[in-house]
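Each structure below appears as structure tokens.
Each of the next two complexes has subunit A plus one other chain: subunit B in the first, subunit C in the second.
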Partner chain A sequence: MKTNPLFVLLRVILIAVLVTFAGFPIYWMATTALGTDTQLFNTGQVPYPQLSNLPDLFSALAEVPILRWMSNTAIIALGNTFLSLMLGSVLGYALSRFKFHGRGAIGFLMFMTQVIPEALLVVPLYAMFISLGLLNSLWGVILANVGFSLPVAAFILKGAIDAIPYEIEESAIIDGCPRLGILSFIVFPLIAPSLAAAAVICFFGGWNEFLFAVTFLMDPDLWPAAVGLASFIGEYETPLSAVMGTALMFSIPAVVFFLLVQRKIVAGLTSGAVKG
Partner chain B sequence: MTSPLLFRGRLLPRLVPYAFVAVPLAYMTLFVFGPLIQQVWMSFTDTRLMNPTAGDYIGLENYQDLFSDSQFYTSLNITIVYTILTVVIGVLVGTISAVALDRPFKGRAILRTVMLFGWAVPSVAATLVWLWIFNGQSGVASDITEALGLGRVPWLTSVDWALTSIMFVTIWQVAPFVMLVMMAALQSVPEEVREAARIDGADALNVFRNVTLPCIMPTMQVVALLVAVWSIRRFEVIYLLTGGGPIGSTSTLVVQLRLTAFEDFELGLASAYGVVGLILALLVASIHFLVERRRALVMLK
Partner chain C sequence: MPKIDFKGISKTFGTNTVIRRFNATVEDGEFLVLLGPSGCGKSTLLRMIAGLAEISGGEMLFDGKLANDWTPKQRGVAFVFQSYALYPHMTVRSNIAFPLVMDHFRKWHHIPIVNTIHRWQVMKRPEVKAAVDKMAEQLELTPLLDRRPGSLSGGQRQRVALARSLVRDPSLYLLDEPLSNLDAKLRTQMRSEITTLHQKVKKTFVYVTHDQVEAMTMATRIVVMNGGTIQQIGTPDEIYDEPANTFVAKFVGAPPMNLLPVQLNGKDLTAGEGITWTHSGQKPVGETKAIFGIRPEKLELRPEKAGRLPARVAVIERLGAETIMGCRLGLADAGDSISTEDLVFVRMPGHPGLSHGDACSLDYADEDACWFDKPTGQRIASRHDDTRVAAIA
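Here is the complex of A and B:
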């Protein structure tokens, strides 16, 4: 088929516009991180990254408690991943392998968690955490996050388990292997790629989460990076370059891993939405 | 999936599924469904933040307050406008991106990666750079409008522009996800069918409209639902960009819930805002279930 040159040109322009729209803010984040406050606020921003300003950026970043924020973020993310995968795999396995009364209802309830605005749970959880002593604790944030990551993990793992043949497990059952043993030693290795994808999704679900963390954590020493970054808004002591540098360091792990598992995420989210 | 015949008819094995489901379900009840019910209940009480576990039942008073509050109508209105526009434009931009990148060309992988940034970058980090881009005095967005002779625009601080700016950021975040899903859908359109249509003399536009579009339509519906639900739920982007202002002009139901609870300390009224938001989200989800009944039933089977 012959392609109209006008069509080709239009397509090139279209792609250029879309890529600029999508990529510009990140380019600008890096450019701003490598600018000085005088340029940014007075003489005008230099529209390309000035690598010669890297040492200044590093010394400005040294003033920001990035390490503490990042380690809090990592604790929340890891706790969320661990709990969500543990509970989600058991639930996903049950939804995939057993037929029982209430299975449809459970699938439906799990689907519904994708619809509930997190903001609705903030006040009741706040009240609950006060009485449990979980306010101002990373545990509270983790426990709240798992409620939203667990169903996603369960959907993804259910889909993966659906796709592997049952015969392998059957022979293990006949040999007297307990179900949880089957799950850990037979099913898990077979669905390792999906487990990894679910782990990444849960990890960055916890990594990126803001609302629970900002509500339940008052002590700045406990802040994850998302809350720390947000605290820069309306604060004028930290140079803007350091703010953007922190934002970049916070973003890079998420971007790298999301891009690695993008296809699995799509499969998990859409199947979750369509089929539960 | 088949359950093992071996175990049928015995009581203990019949309880095995429930043993599996019990812990995750208990967890979800404790940390999601329980609090949700509590939140709905709270909308019928006069609970205040200072003492969140004690509140008296006051019937529909919070809802009477809600319906006589002009902010409620503003919030409801902008939630609906924001949701509809982000869904329509987000799905459109995302689908166009997917179609534009559907055929292989040199450098496609890199461009695709760049186009996914908005989806992969954490919301809070993205919000910070958009705050700077939209900064009234020194932001590059106003530099551009000034260069075009339109003057500096108070993107986030004027009632006329704030919601538009927020929608712009939202579409930047949402369109890449739509693109990702639609690219997968486009890949599943059988090439032979397209080829056959071309041989029959259909031009590119015709092939798209009559062959490709019907194939990707179901996926588009699913993704539209997801985007709609996310728009109703979305909190941090709006909260951090404008805090719901100026004068409540970007305060969606969810943002208003947060403001009423943690700035006015009126938990009862805040809950009423939340309940309306929840109903809206459930409505969207049930529309989806009605449209996609057959597929939904697959899940309930």
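Here is the complex of A and C:
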């Protein structure tokens, strides 16, 4: 079928508008980071990046422990992703394949975790973490995040496993494959798109972590970048170019991670939605 | 090769019993077909043999050893699924080699990256490569070895599934309606291929199907099942010529055996349509009502009033070399009725030159009649010897 040129033009315009809309905050972040405080607070922001101010930005960033903050963020994000996927895949498999009493109740309770706001759990978790020795520890923040990411990962993976014909697993059993081997040899490769989709959700859940981290982590050396950025806001002064420069650097790994797995995401999120 | 004995095997799902007291023996090297309509429990029985479904009651013996709790691996069976159940993310080569890879499986191979390396290493072993190549050559899969199942046709997928089950040289082959997803032409071809394969490997095959043509052409013995119970066990000829009851008579044969409820009065038989004819052959003794059965090819189509049963042509199906004709007994006009329930089918070579609505008559050789008990539907006797069937002088 021949595509109408007008339709193609309209589509290009629409995509251009959407890209501009989505990309403008990043552009504005870069422009702000390369502006001077005088411009920002007095004369008004210049609407284009002033590359001549790059040395000033670098010297401002040199005073910020950004690598430590970013590595803390990465530990939280990757820990959250790894734990959520590991437990979520086993949980999703069990919910998909085994019939047992309380399966519906488990599903309901998992949904409930998405209804409860994080702030509601800060105080009880704080009390629990004191007794468990998890306060002021990245492990505590990771575990608190896993509590929210795990049900989402489990549900995404359950949907994907539901779509795999059980006969394939039975065939593997006949071929002598043990139950856990079925997961690693057969199920995981087949649900790779859904694993990628769940990984993105868990990764960003951990990468954007703020509330638990700001409450549970007192040591500045353990702060993730989100908490570090918030610490810039002072009573008398907020170095906006440094804040935006740090925020820009904070965003880059997340964008890279997303680009790496983006192809698989759409397939993963829609798996099981239609008959294949 | 194992001999399998079923002793009172039963299977229940909650309160629903799908197999009741199944007693049979599968002999070494035979091609046993489990034949029955959908939902009769034949696939469940096959899954119980494979160890994929638990046995609710009774004993299953492999060479005299109780095998109820054996794992599928311990049973050493190959299973070909209706949907083929190929691994879609693996190439044909990896699919065929998978059972051999699993033979070398160790606990630490559960770790995702380690198992990929392990699989790669096992597949590079000369003996594994040789086994896969040999199997691919045997089943004409060599040019397809590096393709994935998604890019294969139904027949090719079927052959990959067979190759995967053959590569480990199991002693027992279980096939669950493996041809049901293929078109008619390919089905005929694969039927011959599987039969040839059985003759070649000389192993025990248990084959599930609801297609009586498959059963008749492939089996050395057939178990006809209905409602979770065995209706009849026998060779294809026994099943066809000597059906144990009206279910088997109706299920096996296309078109099925003609069954007419009749009243017996001396030599005279009266069918429901008020048609009376003389039957000089064997008849049930001491019965006034019975079911008269005759295969379509045993009926002869004759000109009007030349045969014993007057009839009118209702349906004509020309199949080329032969014709199947559905006739309504009696000469009354059936009007607009499109029901085929009351038709008597005749199978004959060539084309009789009659058309819809023509009057004709039917006849048969007396020794070709079968008799069934009216209330139970059970065969009253073998056609050749039984005390309940006797010739009336």
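In this section, the second predicted complex is superposed on the first by the 220 of 276 C-alpha atoms of A that agree within 3 Å, B and C clash if a C-alpha of one lies under 4 Å from a C-alpha of the other, contacts with A are read in each partner's own complex, and residues count from 1 in each chain.
Methods note: contacts are C-beta pairs under 8 Å (C-beta built on N, C-alpha and C of every residue); 3 or more make two chains touch, one makes a residue touch a chain.
Here the structure is a predicted model, which means the values were calculated and not measured.
**Q** A:I182 in the overlay: touching subunit B, subunit C, both, or neither? Say first, second, both or neither.
**A** neither
**Q** Would you mind checking which one, subunit B or subunit C, touches more residues on subunit A?
**A** B
**Q** Once the shared chain is lined up, is A:A197 touching subunit B (first), subunit C (second), both, or neither of them?
**A** neither
**Q** According to the stated criteria, A:A119 is in contact with first (subunit B), second (subunit C), both, or neither; which is it?
**A** So A:A119 only meets subunit B here.
**Q** Return first, second, both or neither, reflecting whether A:I142 touches subunit B, subunit C, both chains, or no partner chain.
**A** neither
**Q** Of the two partner chains, subunit B (first) and subunit C (second), which one does A:I173 touch, if any: first, second, both, or neither?
**A** both
**Q** Tell me which partner A:A77 touches in the superposition: subunit B (first), subunit C (second), both or neither.
**A** Touch partners of A:A77: none, neither subunit B nor subunit C.
**Q** Kindly classify A:P165 by the partners it touches after superposition: subunit B alone (first), subunit C alone (second), both, or neither?
**A** After superposing on A, A:P165 lies in contact with subunit C but is clear of subunit B.
**Q** Based on the A-chain superposition described above, do subunit B and subunit C contact any of the same residues on subunit A, and if so which?
**A** 170, 173-174
**Q** Can you tell me which positions in subunit A touch subunit B when the two form their complex?
**A** These residues of subunit A touch subunit B: 1, 7, 11, 14-15, 18-19, 21-23, 25-26, 28-29, 32, 40-41, 44-45, 47, 87-88, 90-91, 93-94, 96-100, 102-104, 106-128, 130-131, 143-144, 146-148, 150-151, 154, 162, 166, 170, 173-174, 179, 204, 207-208, 210-211, 215, 225-226, 229-230, 232-233, 240, 243-244, 247-248, 250-251, 254-255, 258-259, 262-263, 265-267, 269-270, 273-276.
**Q** Any idea which subunit A residues touch subunit C in the complex?
**A** 165, 167-168, 170-178, 180-181, 184-186, 188-190
**Q** Considering the complex alone, what residue numbers of subunit B touch subunit A?
**A** By the definition above, subunit B touches subunit A via 1-4, 6, 14, 16-18, 20-21, 23-25, 27-28, 31-36, 38-39, 42, 49, 52-53, 93, 96-97, 100-101, 111, 113-133, 137-138, 140, 143, 172, 175-176, 180-181, 184, 198, 204, 219, 222-223, 225-226, 229, 232-233, 235-236, 240, 254-255, 257-258, 261-262, 267, 270-271, 274, 277-278, 281-282, 284-285, 288, 292, 295-296, 298-301.
**Q** Residues of subunit C touching subunit A in their complex?
**A** The contact residues of subunit C facing subunit A are 50, 52, 72-73, 77-79, 81-83, 85-89, 98-99, 102-103, 105, 109-112, 115, 119, 164, 168.
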